Each structure stands twice: as structure tokens, then as C-alpha cells.
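Below are two complexes that have chain A in common, paired first with chain B and then with chain C.
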Partner chain A sequence: MSVVSQSPVARHVKTGAYFGVDNEPLVLLELIQRLKVRDVMTPKLVTVSRDAPMRAAQELMRKKKISGIPVEENGRFFGLVSIDDIIRALGGGYIDDPCSRHMTTKLVVLEDDMPLSFALRYFDRYSYGRFPVLNRDQRLVGIICQRDINRVLLVELTSELNRLESASGQNVMRDGSSNIYVLREFPICKYDFESAGKAANQIKQILQEKKFPPKDIRRVAVAAYELEINLCVHSDGGVLSWQVANGRSEIIARDAGPGIEDVEWACRDGTSTASEWIRSLGFGAGMGLVNVKRVSDEFEITSKKGSGTTVKSVIQIGNTPP
Partner chain B sequence: MTVIEVAEAIKADVLVKGESCHKAVRHVVASDLMSDVLLVDEEDLLLLTSLASDQVLRTAQIVGAVGVILVNGKPMPSSMVNVANDLRMTLAICPLAKYDACVAVHAALNRA
Partner chain C sequence: MTLQNLIHACGFEPVLVAAPQTEVTGAYTSDLLSDVIAHCPDGAVLVTVQNHKNTVAVCTLVGAPAVLVVHRRDIPEDMLDAARREGVALLRTPQDQFAASCKIGAVLEKTAK
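This part shows the complex of A and B:
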């Protein structure tokens, strides 16, 4: 049996698992779906009150080297003073007027629980350099600019690459003599029924090519398919990771929300929160997690309402294929 | 009896001949709920369904079905034939209602 010593990242680039048909990096697409605006925004804000003179805003902008200041009182957001507003105030001779009189009030704002992909779309659609971020109670909680996005994406990408490299190292080292090593990650988008099932189909094909026992292949394929459908139907989007080494298949489905309130309830036969639309597509009978558990040798689920869910399915598929 | 022979016996039109089209049908499952189909452990099964969606074919491929017969003469999305070709899954369409199709398949398998 051959041990793949090549870096998993390099291998993904080669096989295309990390790149879409238009050479879009799928890992990046997954990140911008998974990360929320609140993960990227600057939460510690420099603000001014409505009564503060425009000159105070100008002074703060100069000191803090920023190009816009929200006008806020007790969390309530009233508007934004931008460099343009300051230039106009200096030219018009009203730099000592209160901010409330000249601030920009027609604003486009983002909500903190929107996916980062929304923010990127807004930067593309509007010519603003920053967007104020409000929470569900319409309170100002931060501000987001393109520099924030670049910084967070770089950090996240680095940690993702480190995770892949480390996963690769562990498995190759475990058994150098007899090892089939495969690692794949599939980003799954919410309600993308056109693609749902493709990851499980690919996993099945790979195992068939490696000639593992058909019964084991079926268990792995069923677990992968159920988890893939769950990500598509119930989450805001996530990633299905799959690795097989030393006769052990491990599937991890993780998403960034909305989370499960009662995990025990969700793992019972016939319990489901799926809509009629999902049921009309042949799913949502509340058997998904039950079925994953049934076919798995090890099953783990962790979830918290308001954050993400992670499900792990481990299936022993024999040390060597027949 | 192969899925092609079953399809001919119940006067179903075969739209795609997949890689298992000459394998013997050993079990038949009739369901519109793919969650239920995924619970079946039998090998070489034929799936009868009135659900016309790509996911039917993907589910059939996951459980190793030998073919899918769409009953009730349901209009199907054009993508289904493409997906069946991609997955090399036999796909047939039959005008009979699901219950009548089950009876006809049962009779055909008994005759064989």
C-alpha cells in the first residue's frame, strides 16, 4: 500500500477538490459562508455624540487615522461623519456645527449575524469604504471595512492550511507500512439541492476504486449522504470533511449555525424541524442523524443553539481492501 | 430478472441504461421518502417512486440500487436524465400508479 507523503493541500490543488469549475478556491467560498460579519468587524468603536462639533470628529479621525466616525448615543446609531463631510464642513465654514446637522444619515448597514459573503457583496455593490454593523436590536455593535476582511481571511486561511497539514501528518505517521490515505473537504451551501449528494457520491466512488468491501462502502456513503443533506437542509452552510486511513473512515460535518437547541431530541426517530418544502423533496423525516448513528461505529454530535453543530461519524472499513 | 426486463414487463419506458441494468433485481422498494430508502440494507434493489427529482437518483446510487422506475407517468425535470447518465443509473418511467406498478412488478418477478 502506498503512503501519500505529498501535502494534502498540494494534492487538492492537483485533483481539483479545493477548486471549483472556474478555479474559484472552494475553501475560500466556504470561509465567507461560515464567517459572520461579527467575526470580522471592528467591535471597539470610536464614536461621537450628536452634539459634538464636526471639528471634534475631524480631530478624532486624524488621531485614530480613520476615515469615518459613527454618531452614536447609548448604542443607538444616528449616522456617520465621513472625510467627505469634514471636507465639505471646512469648505463651507461650518466645522464648529454639531455633527447631527451635517452627518450622513442615508446609510447602508449590515447586521452582525449576516454571513461574510453578504458584506463582500455590499462592498461590490456600493462604493462605500465601510459599513456600520447593527445587531438584531438595531444597536450599533461595530464597523467593517475591507481591510478587516483581508486580515481575518488571511488568519483563517493560515489556520485552515495548518489544520490540513497536521491531519495529514498524524495519519501518515500512524502506520507507515499499510495505509491508504485520502482527505477531502466539500463545502456545502444552504438549500443547494442541485449539488447535495455530490460529495457522498464522490466518496463512494473513491472507496469503490480502492476496492473496499461493498457493505462498508455503503455504510460510509449513507453516513456521508445523510450528513451532507443535513448541512444543506438545516444549516447556514458548512463543510463535510472526510478522511480514510488505516481502515478507518472519519466524516466530520461542521457548520456555523444555527445550532440545535436539544441535541437528544434531534437524535430521536422521526423528530425534525424540516419545512414542507424539504419534505416535498423526499427528506426531513427526522431519520438523518438516527441513520448516521446506525451505520457508524463511533458517533459524536456537539451543538449549541446560536452557534454551530459538529457531527462525527467513524466507520471501520477493514485494514486492507480485499 | 433484470431491471430492463422488469421495465419491459410493466410497460415502462427506459430512458437511461445504467451500469447495473443487466443485474438481477433482488429486492424492490417503493417510496417517495428518500430518508426511508436510505434505511434499507438490501442489495441490488429496484426503487419505485413518484418523486421526480435528482435526489432520487443520488439516493439510489448511494444505496447501490440497480435502477429507478418513476411511476404515475410524472413529468420529470430535464436534469434527471443527465444525472442518471452521470451516475450510470438505470432510469425508466411508467404510467401506472405506484400501487399498480408494485402489483405489476410483483407479478412479473413471480413469473420469472
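This part shows the complex of A and C:
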């Protein structure tokens, strides 16, 4: 049995990890893209040095109730002593040998800034119970196991649900009657040109069904499309959320990185950081944000290099559909 | 004029034309999708070198009924699928953007008279 299919939460995530499945819970998809391995891993590590006897590792495992211990010295990672290694040592009578002689050194490791979806795929692909986590400098910074993922996802899902519930509650209250027509969230993955444009098209269709003026529909669709492509081309993945209430369309494109250094420059016509192959697909002409600004009644962008970017586009689309 | 008449008058290759009676009111020539989104008028044929499915998505967005792919570039299967789904016609010509645009312009002008 694969590790991932052992818990109900993880099983749900597993199918979502392959994306492009329209009926997967969007909140979950967004979460496993947004959360990084470092948000989920256990950072306080119990480790042993190379010289420590296997018996010391066994003692630590018993005391801390853990099933594997990294062998590490000053952040440098050498290997892992697992329960299997200990059992073999006890059976083979070499429990007092140093860890360096019997530790597992053929290891699959994760990097701390990979999205959680990566980790889920790894748990699915390999039958390991845990993965050591290294940072960019190849220093050991944590360890991640199934339990960590379940715990963090449950916490995040609960708070996300609370947020969604209170958000829709507020809108209903402000309005007196529940005058919200639509509230949608679309997760957008990096370089997923296969799905690019889907969100904008859905938004357009919904507005057409509700018979809003075609001119306004085009403005909303343009803003949605450009922001969707931006998330796809420039961000590490993010979410496009859209809501319509009282003739006001609000699109928010939010991502978790890498952020824009000079927002003013990025909003200027013709400026672009897109690579050649993205340009060859007809994108990256440096007109995206300019287009969004042009069709919006209100436009806001906040960004910070190293963290994320949020773009808001508000478009008035007539008070109520006829 | 209708799409069918335009195809006939210009000698374009009809790769996929589900609704030949669709009215064509103009053309827009560009290879930058953001530019198309910003400026392509409703009812225009999009003349472009971009032979991929995102071009179809953009046409749907702006209400362009057809894409004319220049230099007789290959039309990939997923672009065909997208066009079929979205009801966008796909045409092809060995000409370049300029020549194809001139041709459409001349034909439309003649019809207007």
C-alpha cells in the first residue's frame, strides 16, 4: 500500500496533486500549491553525529517516539538511521557500532521551498515514511512525514473554511438580501498553459448567462485572462478569485511568489521579464498589467520581492442584470 | 460578408469551418495575444503566426470568429480541439501576415462598395 493512501485526508490530496481535475476541491488544490515543504516539515530536529553508537539512536527514537533519525553534523547531512536499521543492528549484534557504518545513505530528499504538492507526489512514488528536507545550501533544515502533512492540512483547511464562511456572511449582511451572484476561486499552476484561459472563459460564460452587457463582459474577461496568464507565466502558482455582487465584479489574483521588484516598472507598457519561449507562445509582450488597468474601474497591485503579489481589479458591470 | 465568401474570395484553406455563414466585419493582425485582447474588434478574423490553442482562447474572449494562420504553419491537434469546442473557425494560407491582411482588406473593401 502506498503511504499516501493511508489517511482519508491524504487520499483526497493525492488525486488533487495531479491537477487539471475540474471537480477537485479548489481550496485543497490551492493549499497544496501555496504551502511549501518548509511550512509543513518538523524543523526542530533530533539528530545524531556520525560517531554516535546505533544504541544512542535507538534510545533517542524510543524517548522521542520517532521512527527515524538524521545523521548530521553542523547542518551537514550524512544519512538516516531508521527503525529497520536498528532492528538489523540488534539482530546482527552490532548495535554499539557507530551510526556512520550502518546508516542509510541512499536517500531521497526534498527541498524546503518545493510546494507541498511535490512532497505528496514523493510519498506516493516512494514507500518511505519520511523525507529529510534540505535548504538551497544543502543544509539539513527539517524532516517531513505523513503525520506533519495531515496535521497542517487540517489546520489550514479549517481556517480557510472559516474565512470563506465569514466572507460570504459579511457580503450577505452588507447587502441586506443575498445579492451575491457568484463567488469562484480558480487555482492557477505555474506554466500550465494547458489550462490557461479556462478561468476567464468560465467567468465570461457565467456573465453571459446572466445577460450582463457584452462590453462589460469583455472588460471582465480581459482582466481575468491577463491575470490568469500572469499567474501562469510569472508566479510560482496562485489563485484567481472572482466575485460579483451588486453589479460590481471583483477579481483578485494572489500568488505566493516570487514577487515583483519594481511594481511601477512592471505596470508600464512594453516592460517584460518573460523568457524567449514564453514570448514564442505569444505572451510576455509586457502588456498584461497595462490591459488589466485599462479595463478596470479600480486597480490595485501590491507586491514584495521574495514574497507574493496581489492584484485587484474592480469593474462596474451595471447594477443588476436585466 | 460571410466567412464562406471571404474564404472563397481570398483563397484561404478552410481547415475547420463549422459555421460558414458567420458574419466577418474586419480583420486584426498581430502575434501578441495581449495586443489582440486589447485591440482586436468583435467579428474580426485574426491574422497571426501563433498556431496554438491559446490563440483560440483569446479569439473566444474578444469575439473573433476565425483565426487565419499564416506561412501555412501546422495546426496542432489541441488547437483543432479547442477551436471545435469554442466554435472558432481555423483557416490557413501560405502567405505572410502583410500579404494576407492586404488580401482581406481588398476583398472587404470591394464588398463594401
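Quick note on the criterion: the second predicted complex is superposed on the first by the 294 of 322 C-alpha atoms of A that agree within 3 Å, B and C clash if a C-alpha of one lies under 4 Å from a C-alpha of the other, contacts with A are read in each partner's own complex, and residues count from 1 in each chain.
Criterion: a contact is a pair of C-beta atoms (placed from the backbone, for glycine too) under 8 Å apart; a residue touches a chain by one contact, two chains touch by 3 or more.
All values derive from a computational prediction rather than experimental measurement.
The superposed arrangement places chain B and chain C in clashing positions on chain A.
After overlaying the two complexes on the shared chain, residue contacts for A:132 are found with neither chain B nor chain C.
By the touch criterion defined above, A:201 reaches both chain B and chain C. In the superposition on chain A, contact of A:193 is made with both chain B and chain C. In the superposed model, A:218 lies in contact with both chain B and chain C.
Within the superposed three-chain model, A:288 lies in touch with chain B and with chain C [touch as defined at top]. Overlap of the chain B and chain C interfaces on chain A comprises residues 193, 196-197, 200-201, 204, 214, 218, 221-222, 225-226, 281-283, 285, 287-288, 291, 294.
Considering their complex, residues 32-36, 38-39, 41, 43, 49, 51, 53-56, 58-59, 61-64, 79, 87 of chain B touch chain A.
Those residues of chain A whose C-beta lies close enough to touch chain B in the complex are 193-194, 196-198, 200-201, 204, 214, 218, 221-222, 225-226, 281-288, 291, 294. Every residue of chain C that touches chain A in the complex is listed here, in rising order: 31-35, 37-38, 48, 50, 52, 54-55, 57-58, 60-63. Across the complex, chain C is touched by residues 193, 196-197, 200-201, 204, 214, 218, 221-222, 225-226, 229, 281-283, 285, 287-288, 290-291, 294 of chain A.
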